[in-house]
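Look at the two complexes coming up: chain A is in both, with chain B in one and chain C in the other.
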Partner chain A sequence: MPIGSRRRRAALKDSLNIPFEQLPYQCFQDARKVLQDDRQEKIKQIEVARLRIANLKAQDEAISGGKQAKENRLRSMHNRLEELKILADINDPVVKKKHEDGEGDMNKPIYRYLADKQWRQYRRKILEQRISQLNLVPDILPNLDPVAEVDLAFGRHKIPHGDFVDSLISENVPRLKVQVFDKGERLVTVVVVDPDVPIVQRDGFDYRCHFIASNIPISPTSTSIALNQLDLRVKDASAKHIALPWLPPTAHRGAPYHRLAVFLLRQADGKVIDTAKVGDSTKRDGFILRSFMDKQKLTPVGVTVFRTKWDENMAGVMQRAGLGDQVNMEFKRKRVEPLPYKKKDGARYR
Partner chain B sequence: MPPSRCLFTFRPTFRPTATSQLPPTCLLRKPCTPTSTPQTASFSSSSQLFARKGKGDKGDPRITSIRYHLSHALTPRPLRLSRLRALRHWTIHRAWQLHRNKQRAAAELTLEKQYASMRAACEALRLIDENGLTVPGGSGLSVGEEGYGGGVGVNEAKGVKGEGRNVGRLYRAAMDKTGVWDGVPIEYARCQTDFPAREGWNHGWTR
Partner chain C sequence: MTYSIEEYVIPGNIIFRQRGTGWFAGENCAMGRDHTIYATEAGFVKYYRDPLKHPNRQYIGVAFKRTESLPYPPNAARRRRLNMLAVQTSPDTSITTIIGEGRILEGDMTVKETKVNAMPRHKSGQELVMGKTYAFREANWQIGRAAENAGIKVRPFIPGDRFRAWQKSAARKAANAEKRGLRGKRGGGGKSKRK
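Entry: the complex of A and B
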């Protein structure tokens, strides 16, 4: 749909197309001048900060008061530098406009900062709520501080955090859209865990791993992880990404819903995981994510979750997944024998 | 039952014409049931005001003003700006905020400089002796420390006689607070309290 009325659009088309920064409003132009002067000042400060950092790096440790003190000072100077970079551009109306239009260049710190702020304003709060509502935090990981936005979709179907997904849809491998807000490229591992597998013998629940893929490069600009196309082009067996292929999530008839938590785990710097070895050594049933993370030196950066329960397509999905013997299994509540109690005298209630 | 007669007028069809005989300032809570109020025009359901078109009185001014203020909210409508106009507005707002921030920072810096220079002057006075020369070795000490020059009694404690008598004399004079309130009326120095005094007014007070 076009924006504005037909009359307005016609008037705009005929008028001269002045760029936004050159619109002839005096107060606006004066304000822009003030902001530009401030920006030049900030840029000068950035140059000074860079010079100071370089000087400190070149300085001998003994002069700067020990290794620890020097590192601390360097870190705080770097923080100040990043802050200055954001302050230089935060007042620019064009930057604001581009960010609102979604055209921001994520390689620039200001756009990453604005995107992060926007994410934390609402969408991350919802994610936090789902994490605590669905008890992901004590059940799977001891604590979780998501710093990257992870969106899950099965084909065209975008799944909000914690939504119930039809089993026919979740039979296929999903794709992830990951937005990180800090610079640089890093390798991540994607793990899908189901903490709600019922164990009849124990009258309890256990974990099951549905998917592991490692060594996926992610940066602020490359945001898409199509998990189904990860290994299509890879010929070399050692360069494969997928350690454990997708196991369709299943739930038995009568059993409570299953949570399927998708974790995005950042690998330690420069550490490449041997997927073949991981695939051989990892068992799907009884998979403990905490020990896996400890072993592979992973830190959680993002999470999303969806749920699955018994539906009309689940029987077919289980058949195709090789769980045909469990199709007719049905969970029922154990009858609780009522406590013996004496019927009271009916006359009392009359 | 309506609490006062002026509320009757909010129901125009039942507006009692008899109430216009009352003085307009009457706000008494009179119990007036519809049965007890005599209708002057009992054959017509509409009020007399409809019949006298144009020249009838405009009703109670209080009601007019109440109606006016009920339909005219005190808050103006929110600004509805177009995209680019809002962006220009934002730009000007940010520039203004930046300007105010800079002004505030500059004012704070001035204050800080003034304070520092006063402090330095006091320090210099503290170390000055009777000949107007700085006492040797005293510059390394801060104001609070027991130094060579400075406060009263330092030299006496050290047993030095005569020599440091006048060291820091100007400093002590500058620190002397006697008479700083001279010329200020004592009423202005009275502090504000949460509750009035037990005796509200001191009738015996004279200057």
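Entry: the complex of A and C
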């Protein structure tokens, strides 16, 4: 995808690329001067805010009105500090240009802020729509507020949220591109769940877990999770990431489509999950993500979804996945027995 | 109202007819174009309110079990029915589909039970022309030669073959008598639904 609007790209193509300081427009330079003064002012405010935070931290709890009050005040002061950091740079034309050119440094709060804003403007709205349309809420989780952008791709096939994926493509392990918009490194767990496994005996549907990988480090600058290469270079068994390896998504002939929801779950601070134990104790069939999250202290941060249904390659995929006995199984609609006809009372016709 | 509280309904049953939307379609129900509420799943009719969905509306829903009450708890996984059966099929049957089963008149009153295997029709020589409704269709002369292309043989008419004539008229009379008998049995006037 090209960066910047068509109009902007066209304008850039035949511009002279003169740095902003050397542009010969008086008004433009005066305006820049105003913005620079404002930035200096904001930087001073940041210094003051930092000093205040340091002072409050050093202060005794009894003086600041109890532990809770102190924490609350510290939190609001931190929020104000982050806000000032953004306000210092938000009017800088160079920052705007760099963000639009995709050259923003995601370690800096202003670029994270701008990227988040851009994501929420359109792409997150589509994701929200898919979450509600495909009923991921409430079928898998009671509620979901994505704060990280998750893009799914099988090899070079990028999958938009909710797209139908050919079974031959989804047989391979996907890769994720995850963009988080808050600072710092954190560990995440990736779980893929299928809530549409048909169960004829119960006349209903069940869940199946297709993949679990834990302890994956993610930061605003390290965005790629290649799920197929997670454990390639890991020799130590305890340091393995993958708890349950990829199970290719399958759907029977005639059965309704399957949703495959990919969840990005943030692990509690400092908590490392024992993948070997999780792999042993977790059953794929009847996997309930709600209880898994409670058990492992996970919070959902990102989600994406794709769908799968019977196609011409599905028989081969099922054979290779060890489901060869189910290739010839077809789902057909059950006949609903009509209610016995009740003859109406004769009196009403007279 | 056709079905009242906790009556058993099947998909398509009309639960409530109304002018305007006094009632709205809730769980496992849908609303027709004249605001009729009908069931989309088999179950038990419930009349209820759902303040989380809308503060003022009243809903008609179908619960899967008589003991369940509507609305279902918010944020719980939806209750869904599969309504399907798993059938073992051999890979061949998927290609050969039975189009129609029954009495097909072929040529000259020769009646027999047939099964027709769907084969991809040879369409290479087909010329499509634009018809009156702007849809592309076969030309009339091509349609007229369809029987010839399909290789359907008709027994030639021989003038003076009285035996053949008697056979045909007898068959026609028998068919008519059967038809008349059916009509007589139905009796009682009015439309009767096929069961």
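Just so we're on the same page, the second predicted complex is superposed on the first by the 318 of 350 C-alpha atoms of A that agree within 3 Å, B and C clash if a C-alpha of one lies under 4 Å from a C-alpha of the other, contacts with A are read in each partner's own complex, and residues count from 1 in each chain.
We adopt the following convention: a contact is a pair of C-beta atoms (placed from the backbone, for glycine too) under 8 Å apart; a residue touches a chain by one contact, two chains touch by 3 or more.
Just so you know, these numbers come straight off a predicted model, no measurement behind them.
When both complexes are superposed on chain A, chain B and chain C end up sitting side by side without clashing.
After overlaying the two complexes on the shared chain, residue contacts for A:P142 are found with chain C alone; chain B is out of touch.
Touch criterion met: A:K97 reaches chain B, while chain C stays clear of it.
Of the two partner chains placed by the overlay, only chain C lies in contact with A:G254; chain B stays clear of it.
After overlaying the two complexes on the shared chain, residue contacts for A:D269 are found with neither chain B nor chain C. In the overlay built on the shared chain, the residue A:D280 is in contact with neither chain B nor chain C. By the touch criterion defined above, A:E330 reaches chain C but does not reach chain B. More residues of chain A lie in touch with C than with the remaining chain of the pair chain B and chain C.
In the superposition on chain A, A:F28 makes contact with chain B only, while chain C stays out of contact range. Using the contact criterion defined above for the overlaid structures, shared-chain residue A:D203 touches chain C, although it does not reach chain B. Remark: least CA distance from chain B to chain C after fitting both complexes onto chain A is 33 Å.
Across the interface of their complex, chain A is touched by residues 8-11, 13, 42, 74-91, 94, 195 of chain C.
Those residues of chain A that touch chain C in the shared complex are 135, 137-140, 142-143, 195, 198-200, 203-205, 252-255, 328-334, 336-339, 341.
Residues 84, 87-88, 90-92, 94-96, 98-99 of chain B are the ones that touch chain A when the two sit in their complex. Chain A meets chain B in the complex at residues 20, 23, 25, 27-28, 30-32, 34-35, 38, 91, 93, 96-97.
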